[in-house]
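Next, two complexes with chain A in common: one pairs it with chain B, the other with chain C.
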Partner chain A sequence: MEHGKSMKEGVLLIDKLIFYFQYPFVRYALIVGVLIALCSSLLGVTLVLKRFSFIGDGLSHVAFGAMAVASVLNFTNNMIFILPVTVICAVLLLRTGQNTKIKGDAAVAMISVGALAIGYLLMNLFSTGPNLSGDVCSTLFGSTSILTLTKGQVVLCSVLSVIVVAIFIIFYQKIFCVTFDETFAKATGMKTDFYNLLIAVITAVIIVLAMNLVGSLLISALVIFPALSAMRVYKTFFSVTICSVVLSVLCAVIGILLSILAGTPVGSTIVAIDIVAFMISCAVGKVAGGRA
Partner chain B sequence: MKNLKKCMVLLLCILLITGCSNKKGTNGKGVNNTNSIEKVIDNQIANEDGKTETTESEKASSDVESNKDIEDTISGAENVRDTDETVDYDLTQMSSDMVYATVYQMMVTPEEYEGKTFRIDGNFYATYYEATKKYYFYCIIQDATACCAQGMEFIWDDGSHIYPDEYPEDNAEIVVEGTFETYREDGDENLYCRLSDAILQQKN
Partner chain C sequence: MEQITCKNLAIGYDGKVLLKDINFSVKSGDYLCIIGENGSGKSTLMKTLLNLQQPISGKILYGAGVKSDEIGYLPQQTVIQKDFPASVREIVLSGCQNRVGMRPFYNRSEKKCASEMMEKLQITNLENRCYRELSGGQQQRVLLARALCATKKILLLDEPVSGLDPKVTEEMYRLIEKINCEDRITIIMISHDIKAATNYASHILHIGEEIFYGTRQEYERRCTID
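After this line comes the complex of A and B, so read on.
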């Protein structure tokens, strides 16, 4: 009897999902969600190993500030302003430690909170929309932004995602070298500055894309959690990267579907699923005894 | 010490999960589209003025019998939801995320939804616009984070019902069913959306 009831509920849920998938914006959300999760997890491993875990947070705040400026300037396509600004900041931040007076984490913290404060101030002073709190909430926490994407945004996101994945595959060996031993790589004649610049640019692109999915305050989770979860189970760079991608995409899909069905905020639901995945990975890692 | 750590982790997880809860009942938050203290004060003053006007109009047109008729009309329409299955988009059967996204799409690409029938639920809200000297009626729909409310304008039946006598109170939970259409006001370039020929039901 109980089994029959749960079967019926399961069928109802599937029916509801099929019904929701008739709407184009739900299909767009899932496509973009998967692409963003894939890209962010690819680079997440590198960023975590290079001790740049917090850079995603800093850059997302920069993207928020840039978005506020773009809104005030009434740009029809915010992306043309947000993307270059975030890329420039990413380059500046990842180059810290090289003849800079303000070092590492201090520079990230300064740019992060500075951009957030200026962004909110500008939005408050020159608010263009009728619902400021809604705009800010939507940008910071993602809210339901992923469900309000246009076809153009989906195409742009797809193109950028393909470029990011292609760059990662083409320069996989170089990124691997720069990630583990930059000094040695430099000594062997590798142009480490160029590859660091490449990582900075890709990071910025992913951050700007991920703003739609989880909002600027939760982007770090999308970058860090899958990588850390994979590191609990696997030990080699390749296997960690593959596991990270699989986990990230899986969590994003489950999170999006769950939030659509339950009516919860998309971004925080995905991050909650990422946290659960991390806990499971920790348990699996302990049971497996850290097999390679 | 280990137990303490486990408890702390558990507490943190509970806090994280509860932090994402869908907080309903923050009525008027979405309606309050203000961004400064000055605007909040202005709104409060405007609300007070509105109340005064309402009281005066109530004195002028107050009729106990007509009020009873109206209550009957609203409650009599309650059965519509159960019997009528002909609407194109029934937002009352969707999750809050889907409702928000659908209403957003209606506002962004209204041409795709024109002529379609909708059933929505939310909070009733009325506002008086000085330029057109008319009252406008909305069904306010909250989203999952309760911060991005959207209002869908509607015209109850043919628009002949008298406000405030025949309408529910502000923030009352309502169900509206009507045909989606766009329109422009005289001398105003903006395109507006609304549900016309709507059936209004007040939830208990």
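After this line comes the complex of A and C, so read on.
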């Protein structure tokens, strides 16, 4: 009897999923979710190892501020404005890392909080919609925007993802060199400034993309968690990269499906799954311990 | 054959002069030790030689076909490397990067070069081990192998034995001597260990209040007069 009941529930669940997948917006959400998870985790390993984890956080707030400005100025396509602003900030932030006047982490904190405050202020002053706090909340936590993607946005997202993945594969060895030992790379004639710039630009692009999925407050989680989980278990750069991509995509798929079934917010569900994956990785890392 | 010549070189940070009137030249096959107090500008000098920062005035001339992508460098370890997930092979291979150009992957001759260097430094058995789990001496060997992948001519070392115990220190010095003698690779090494410097180096550059440059014998003679 028990068994039959759970079988029935399982079938119902699958029926429900199939029902939802008839809607294009659900399919779009899944496609975009997987692509963003893939891109963000690729770069996550480098950012975490270069001690740039917070750049993602700072840039996402910049993207939020830019979005507020864009909506005040009534741009038809937000991307055109948000993307360049975020890229410029990414470049500036990575520059300050080498400058000693304002330390890197302080600069990130400054720009991040500043953009958040200005963004909220602008949205408040020039509120266009009737439900201001709802708008702000969905921008910060990405509660529904992933389910309102248009076909154009999905195409744009796919194209950008393909470019990001291609750049990562082409420059994989260079990114490794710059991450492991920038001084050595520069001393032996590599153009490290160029590769740092490249990393900054790609990070900005990924963050703007990911804003749709998890909202600007939770983006760092997508970047950091898979990389940290993978680093607990694997011990070469290549295997860590692969593992973090697999883990990130898996968590995104599970998170999106769960949020559809349970009606929870997409972004925070994915991050919750990421946290669970991190804990499991920690345990696995502990058990596997001394092994090389 | 002069490989590096410094003429009236002045070095420092942000326009502030740390050291001036540095004159010396390094010939092919030399073993130059740069010694001096902490904060005397040894590392700054090396960074300037490596083109990581600009000299304030004066000139560095690279002769005998030494280009910046033909210099090997063993830097001091950074905090980032302490918990870096990378295998020994990945790190040694990355030394070949300066010959790769825009090609995304390493070719067979570069992989062979990495294997040979690991063989030479007796770390082939560690090939697939994780860098962060190695001992200090083993890590230095890995970084040395990487530096050797990057050069056939000249090797710059920044305090290669700092933090190593006496036995491993001795091994490291012998290894560097062997590279200098057998492979005819020019060595420029920063050290604050004057005894080791006078044991192994052919030339000494002492920086500080006054700058001395000469052969080891000249340096020892000067020290006994003092």
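Operating definition for what follows: the second predicted complex is superposed on the first by the 286 of 292 C-alpha atoms of A that agree within 3 Å, B and C clash if a C-alpha of one lies under 4 Å from a C-alpha of the other, contacts with A are read in each partner's own complex, and residues count from 1 in each chain.
One rule holds for everything that comes next: a contact is a pair of C-beta atoms (placed from the backbone, for glycine too) under 8 Å apart; a residue touches a chain by one contact, two chains touch by 3 or more.
For clarity, every value in this text was computed on a predicted model and none was experimentally measured.
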> So, on chain A, is it clash or fit between chain B and chain C?
Replying inline: fit
> Centred on chain A, what angle do chain B and chain C make, from Cα centres, as a multiple of 10°?
Replying inline: 170
>> With both complexes superposed on chain A, which partner does A:Tyr20 reach: first (chain B), second (chain C), both or neither?
In response: first
> Which partner does A:Cys177 contact after superposing on A: first (chain B), second (chain C), both, neither?
Replying inline: second
> A:Tyr234 contacts which: chain B (first), chain C (second), both, neither?
Replying inline: second
> If you stack the two complexes on chain A, which partner ends up touching A:Ser268: first (chain B), second (chain C), both, or neither?
Replying inline: first
> Regarding the shared-chain residue A:Ser6, is it in contact with chain B (first), chain C (second), both, or neither?
Replying inline: neither
> Could you state the shortest Cα distance, in Å, between chain B and chain C after the structures are superposed?
Replying inline: 23
> Can you pull the chain A residues that chain B and chain C both touch?
Replying inline: none
> What does chain B use to touch chain A in their complex?
Replying inline: 13, 16-17, 19-20, 22, 29-30, 33-36, 94-98, 100-102, 104-105, 108, 143-145, 147-149
>> With touch defined as at the start, can you tell me which chain C residues reach chain A in the complex?
In response: 50-52, 67-69, 71-73, 75, 78, 80-81, 84-87, 90-91, 94-95, 97-98, 100, 104-106, 128-130, 132-133, 146-147, 150, 156
> Where on chain A is chain B touching in the complex?
Replying inline: 20, 23, 25-26, 123-124, 127, 130-134, 137-138, 141, 143-144, 147-148, 150, 259-266, 268-269, 272, 275
>> Under the definition above, what is the set of chain A residues touching chain C in their complex?
In response: 49-51, 169-174, 176-177, 179-181, 183-190, 231, 234-238, 240, 292
